[in-house]
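Following this message is one structure expressed as structure tokens.
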């Protein structure tokens, strides 16, 4: 239904035909803590995936990206082995979220994808004091969720809302009968979180049985931690005495 | 008329066909005090209704709901016996109110529905001092209203405005010759009101001759009351002296 | 012209067919001092006009009105003898003003209406000190204006602007060759003005040769006057010293 | 091109057919100092032009004008001899500027117009100290400009921007091969400027070889001048000391 | 794709047919430091290019430009030898950027253009202390970039974003197989920068083997520099002590 009203504005361009058996699609569109964006870019780099296509849409802003002296599309598709990774240099404009999510899943279905993974962060206020962020997973079917938790004994995402394209991909997977899933790591809300991304990559390496060293991500994480601790300390002194009375605690209600 | 301009954007999906004689539709879209939402969810839970469908629309935001480790549509349809309950995890976007209200009534008509009930709250400033909120009812025809008040001797909703989808459902019922009605309980305006929901459920149990224990709702209500009383006391102290001159009393005018 | 672009969104529904010779249409859409709304509602009540139809439009808000335990359309049509009265429970949304005005006049034309009257208020800053508000009239043709002033020797509306649907109805009458006219009474700008409405009703009773007692309207007016005088006195004390330098008087310019 | 997307919404209605040889169209849509509006209205009055048509558009606001006890269209067309004057009671809504400008020029072309004149003001900060505002002219072709400056030795408008419908009319004239021109007088920016209008009318009387007394305009101008001088004096005292540091002078740049 | 939805609103009008071999298109739409606008205008002036066409669009504002007593289109096309230069008197409205960029490249392609150059500025905070701004280039293909850097040994633009029509032209060149490139000079962000424009012109003179004296541009640059130095000095005194705590340094993250 959405496809009819919006699809003419979205184009998935395969510069090299994207083919293969048991394809695993991985998207890292930027959101909480840039966890998905960092993890997907890291995968592309370490697995040396090849740029094979891009996505264009009227609703994307008039900006191009230049990387390594080359003009780049804003939303790019990479491939290597059975992995197809999708990354974006900009957060998705709100109006594109529903039609693009729907298009991506039907595109993956047309390729007989084995799995479509969304990578993301789960905002955790206490993140600074957590050494090893926890991973939560949710699949488009209970069976898929069960399989996903058995890898590395991660947790299920049990209750809540998932906003944005990652939610739409999950739902469209359920509707179109495509195995879609989300992998979330506890994350900073306001800062890029390479430590959370490292946990996501580690999980993926086990799930997909590929070998990746997350050392560089962990180093970035350590560096960030020191800077943030320092920042917090200074900020705390400034903020003391401000915003003390916003609490309005209500009892849990039957909903 | 509205159907033609809007309907292509709204889809009522019956995952399991919704069939049966004398069907009673009950909607609990969130509004004043979340009374309808709480009451409908409680019914679904206590009567163990089965999830049988959902409503999708371009105008709904790109969010999914996760409950009990499962992906859920935002607006869901449940069924059990002759009861069909519709609930939403989010307040309806304004632009969807008129077309959805119209669609729901014509959909119910196509099922030869016996009755379409909207559940809601009636804002009552003095709610905190009311132990047992009163129930008001209004049907799409005077005959239906008469029938509804005879159950448990509740009051008629006599004068005023009903905004939102609950008003539209009433009016479309009158226009399309479908028995639609609204059941309102005196309610908090700013807080979820399980006590008001309990009265609505009690009324429904008599109207529909089903047996439901509202104990848990009443407990939540009691807990809320204590917290609110405490909150009020503290707020009152803060607010004293503020906003004293907004009154501009005019004599009643012939309108 | 407007009809083509907008008309599909406006529906004039005659629940009982509106027929008859020499029909006089009277609209009391809410505007300055609610004069038209009060006068038209008073007529409907005192002449015991029967509800015979309504107007619906996509652009109307999703609200229903409940009066006397009954669901009401927002814009209703009443009839009795040769009088057809149109009233609205809400001020008209801006976008509906031009198409609705045009539709109403062509609808009246299709009924061979003798006259289409708009009732309204003329804001008068000194209203509080005026015992008997003056009536001003203007017809879609000079001939009609002449006829209207001969009734009860009221004044002509000579110079100025008439905004909103009442202006559109006048102009469309002139364009479509339908006798349309406006009847205005000096009125409060910010308060409902039953006294102004009383003068309008009195004028109509002479124009249409019908007998109506405006006693209740005059009583409401008296009551309002006392309250406003009191309000003014208190407000004046507060406002003294504020807003003293907004005057920027320019000489009259040749326009 | 614009015509196709907008024209259906604009109607030029000739209540009396507008015909004749060597027609000169003059528009006085309100802008800077209302110079064009004052000058065109003055012409209509003194030359006793006859109201022969009007312009309507969906984009015009729902307002009518009443003048001399008669309902008036907002944008009116007057004619007398070979002069066709167009005036508006309201500033043109922005969205109508381009399509209306284009329509007016092609309409004038269809009448084999000899000339289409826009009357306007040129904002002059030092206006208060200028006794006789200068006139500037610009034609749609250099040849026309030359002819226009030879009348009464006025100045050419040499460099700058002309915004609004007067600019569009000039450009469309150049594109469609219709002689269009603008006549500007130095003018107040914030106040109606009858003195500037007087100069425009004087210029027109020479250009079109018609006889018009501008005495009443000059009297209004004198009166305005005294009031403004007084206003300035009082304002200056208030403003002293405020807004002193907005200057940021840059050298002229090669553009 | 974009062409279909937008193109009807953009018209490239060739008043004189634009023909020839090995055409080089140069656009100087206004952006950072007006570098492209100044450089392109300077070329047009010094090479005495002839005005041969213009671009019109519904989305352009209703403004005309007057230069040398003549009405000018806002976006003009000039030609001389194999050079086709495009300049605009106003910054492009955002909504026109994507469709116009796409149209320009396909138009150039239809002319078998050898090259399409965008001229622009690269914001450089330290610009005031740079005597000779550096030139950066980027072509739509790596081969083109290589050729461009060999002229006068300028630098490659390696990493970053290019927003606006200059980015779109680069990308559309890559997509449509047209040689497009951008030439950027280090520039002031907030002030027109004739010195940066001089470097761009110098580069072009070598690339295109044409002879142009940039003396006047350099003089303007020198004059600007003195004024800005003075301005900075005065501003610095004012700003001391303000805005000291906006830094929030984060470690580089793997993206």
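Annotations
Every chain is named by a letter (A, B, C, D and E) in the order it is written, and numbering of its residues begins at 1.
Keep in mind that, in the parts below, a contact is a pair of C-beta atoms (placed from the backbone, for glycine too) under 8 Å apart; a residue touches a chain by one contact, two chains touch by 3 or more.
Remember, it's a predicted structure, so these values are computed and weren't measured experimentally.
Counting only chains that touch, the fewest steps needed to get from chain A to chain E is 1. Annotation of chain D and chain E: not jointly contacted by any chain, touch as defined at the top. Shared contact partners of chain B and chain D comprise C.
Both copies, chain C and chain D, contribute mostly unmatched positions to the interface they share, with under half of the numbers common to the two. Distance from the chain B centre to the chain C centre is 37 Å, each centre being the mean of its Cα atoms. A separation of 59 Å divides the Cα centre of chain A from that of chain D.
Multi-chain contact residues of chain B (touching two or more other chains) are absent. If each chain is drawn as a node and touching chains are joined, the picture is one closed loop, every chain linked to exactly two others. On chain D, the positions that touch chain E within their shared complex are 1-2, 5, 94, 97-98, 101, 138, 140, 142, 145, 156-165, 167-168, 170-171, 174, 248-255.
Every residue of chain A that touches chain E in the complex is listed here, in rising order: 8-9, 11, 34, 37-38, 41-42, 56, 58, 61-71, 73, 89, 191-192, 194, 197, 216-217, 220, 223-224, 227, 231.
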